[in-house]
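Next come two complexes built around chain A: one with chain B, the other with chain C.
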Partner chain A sequence: MKGALRDNPVLALALGLCPSLAITTQAVNAIAMGVAVLLVLVCARLVSGLLDSVLLERSRAVVHILVVAILTTGVYEAMGSLFPALTRSLGIYVPLIAFNCLILDGTPGEARGVGRLALDALGMGIGFTLALLLIAVLREALGAGTITLFPLAGWSGVLRIPVLHDAPLRVMTMSVGAFLTLGYLRALFAWIELRRREGRT
Partner chain B sequence: MSYVGIILTLVFVNNVVLSQLLGLCPLVSASRRVESAAILGFAVTFVSSLAALATWAVERLVLLPLDIGYFRIVAFVLTTVGLVRLLDFLVLRTSSSLRASLQVYLPLLVPNCAVLGITLIAERSGYGALESFVAGAAAGAGFLVSILLLASIREKLESEWVPRPLRGLPIALISAGLIALAFLAFDKALVKNLIG
Partner chain C sequence: MSLAGSEPLAISPHLHREITTARIMWGVTACLLPAGLWGVWQFGPRALLVVLVALLAALAGELLVGLLRSRPTVRDGSAFLTGLLVGYLLPPGVPLYVPAAASLFGILVVKGSFGGLGNNWMNPAIAGTVFAFFSWSAARRGWIAPLAWSPPAGASWAEPLAFVKSAALTSGAHGPIELLASAGYPVSRFSQALGGWLHGALGLGIDAHYLDLLFGCVPGSIGEVSPLLLGAGSVYLFRTGIITWHVPASLGGTFLVLVAVFGGLPYGAGFFAGNPVFHLLSGSLALSALYMACDPATSPMTAKGKLIFGAGVGALGALLRLCGSAPDGLPLAIILMNIATPLINGLTGPGRFGGGSGRPRA
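Now for the complex of A and B:
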């Protein structure tokens, strides 16, 4: 859980935001992308951790990239057949998980056990999903006045926010909104961190 | 689409960074100085144009004839990674000073989502060989333009007072957001008016 909240990868470390930030236009997209990254991340750490003991030092980087690419293919094909419409709306960003900095910038597996590595990855994946969801909810609420979740029996899955829905800040759903939301969120977290450190001294 | 149309669209309208939000890690980490931004920008342009051409060849010569489209992600990843390794090897053999200056940026070039994204965009647009090459170069040029703009803003910001929580990454992201806002002026209608 430490990985999920304190070392939150997107908000604190700003790694792995490249291919994922673009799809934070709707809450449902963020959840789907978050879960996809989580699956690839955990499996990649497990497989790479196991392989590292038999691999030569210099071949590891390439093998890691290959493992991530194969896992991404699996997740992409599975998503494509389970949720075709959702996967189509995510476009090239699901295949791009293969080059996600968060997954590739892994710590070497030897120092700690494989189980510990997978648990860390799970924490990071959950944190990543939560961060994506936070950005997506902010962008969608401000930019469209709605929050789109999964449609459940009879309910369309779209929450409407009264005032914002009539006069949304459309620019927030464009790429501008992604940059500004992440920038100000990072500033907010930095401010909280500064306050906490000042309180301690 | 004509070549001019592809270039205008990928540099200004669908800019890889400012509109597609690809390649943010290298954008943020190499934009402190205009010089380093320019080196990385040119390297990305070079790699992405060759990668778009190479992945077009892989698509046409391997994936389509064998009907193994599901293998595309692995094939494209291997192609782009292999291409960067090959270039690294060739540069090593020609000049050591160029290599020394490029080596720092190699980690930013290998897992670069902008390069992989460009190849995927070119594949989805159904471009031919030359169109893919031009699209790769234009998308890389789009990356170069945005990283140069951001780097010059960040250099100016160094002499300005910035509130402490905003220093570093937040102000860089907000600056990039404002550049993206300016780029909203370029839209599909503009391209249509320019080239008919």
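Now for the complex of A and C:
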């Protein structure tokens, strides 16, 4: 579970930056993206972990790619029919989950037991979701003065931040804002890590 | 340009001069003051308030960065200069959070986050202002009619550049000055009288709008409107060697040639029909060429590099001014070329002694 915080894929390892910059304009996008990645990642680890025992060493990589691709297609189709508007706003980044999951899939083939591999993937997925959510909440709050969540029974799902909503820093919703937010969060993360290491020695 | 107190900066021998960062910064500030005072006089106390908010925010930001790095840098004057420039670049009627946010963004994000003065990779004042321009449309409006206009006109007239930009396509005029004249753009009584005298006594037919632009009797950003006073202030900078002729000359030259060639196109007048004098006197050209483009931290070090840098700013500025969506493209052009500065430095640096013809690469 180290992937959730300490080895956070986005903030510590700088992996999966493309979706974390592109789709973090609204909190709901970040949650949807994060959960989709988490699902694909955990399922892919489970399936490939089980298949590895019956596969030749040299064919494993190909099978891993196939598994991730099939799972991503499934998630994409499911999202498309369940939340069509949300999937449309995420655009190409949902099919691209396949690519991200292959990168986040760390160390395939290392026999450490299917259960531990899946748990590791779960941590990674949670870390990815948290990082995306953090970036999206900061960007949306500063750049639009709102925080968009899921509409629930009569509630529109949009929180309004009083002062910022009237004159939001629109730059933060542009790509500049994505890079700025990511840069500062990564700096903060590196600083915390440095402090922790200094404290240990 | 790293100027950290009295630390030695390079291998001896050194030539000692009485020049410090603080002295340069306060010198530039003093040279900018006449133009700012003019703006405050023309646009009233509201303009003063905008500049003061920008200054206070810049100083507060610098103080905060100094506290975080436990290295106070407020007294070197660079933050004061940044705040002043932010105020100068804004229209006098903007909401007051605009100068505050622009100054804070420039000082905290563009300068402080990258290691303070000398490590900023863009001019912090322009970066802050551009940040505000892209965030709030209110930061691009808020013109106040100058005091010199008589009879007093309402606040409905935009600055000349913005005015001709939005009206160029729909009017039948063949150039910016003709457009201003045909639209009934107000003229100050002083310029009218001076224009009449020039015509009568010397036989010079100069449109009074040119004179208004030269003296700064038009709506506009607080410190930009008076090219005459900005130019006068820069004499001291040239004489003391704080700035050299390279950047202003290549910037202005490139800009004016391109404007002369292509400036007529928005009016359907074809090539070589532009009005370089109008573009020389309007918008932020004087402030950009003489002050902001010459910022030592963000412009190249060698003479050749400065010429390339100035030409780049001039070309991009002309392109953005004629074709961009914003009325004035020069500040944007400067920060774009600021990004290219390390590259220019690497390509134009002196060769190593005995190192053959090869140049050190960035």
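Going forward, the second predicted complex is superposed on the first by the 187 of 201 C-alpha atoms of A that agree within 3 Å, B and C clash if a C-alpha of one lies under 4 Å from a C-alpha of the other, contacts with A are read in each partner's own complex, and residues count from 1 in each chain.
One rule holds for everything that comes next: a contact is a pair of C-beta atoms (placed from the backbone, for glycine too) under 8 Å apart; a residue touches a chain by one contact, two chains touch by 3 or more.
Bear in mind that the values here come from a model prediction, so they are computed numbers and not experimental data.
J.: Counting residues of chain A in contact, which comes out ahead: chain B or chain C?
T.: B
J.: Could you tell me if A:Ala167 is touching chain B, chain C, both of them or neither one (first, second, both, neither)?
T.: A:Ala167 sits against chain C, while chain B stays out of touch.
J.: Return first, second, both or neither, reflecting whether A:Ser175 touches chain B, chain C, both chains, or no partner chain.
T.: First partner only.
J.: Could you say whether A:Asn100 touches chain B, chain C, both of them, or neither, answering first, second, both or neither?
T.: first
J.: Let me test your reading of the model: by the given contact rule, A:Leu21 touches which partner, first (chain B), second (chain C), both or neither?
T.: Touch partner of A:Leu21: chain B, not chain C.
J.: Touching chain B and also chain C: which chain A residues?
T.: 171, 174, 180, 184, 187
J.: Considering only the defined contacts, which chain A positions touch chain B in the complex?
T.: Residues in contact with chain B: 14-19, 21-22, 62, 65-66, 68-70, 72-73, 76-77, 91-92, 95-96, 98-101, 104, 171, 174-180, 182-184, 186-188, 190-191, 194.
J.: Write out the stretch or stretches of chain C touching chain A in their complex.
T.: For this pair, the touching residues of chain C are 95, 97, 101, 109, 113, 131, 134-136, 138.
J.: Given the complex with chain A, which residues does chain B contribute to the contact?
T.: Those residues of chain B that touch chain A are 18-25, 28, 70-74, 76-78, 81, 110-114, 116-117, 120-121, 124, 163-167, 169-174, 176-178, 180-181, 184.
J.: Which residues of chain A touch chain C once you look at their complex with the stated criterion?
T.: 167-172, 174, 180, 184, 187
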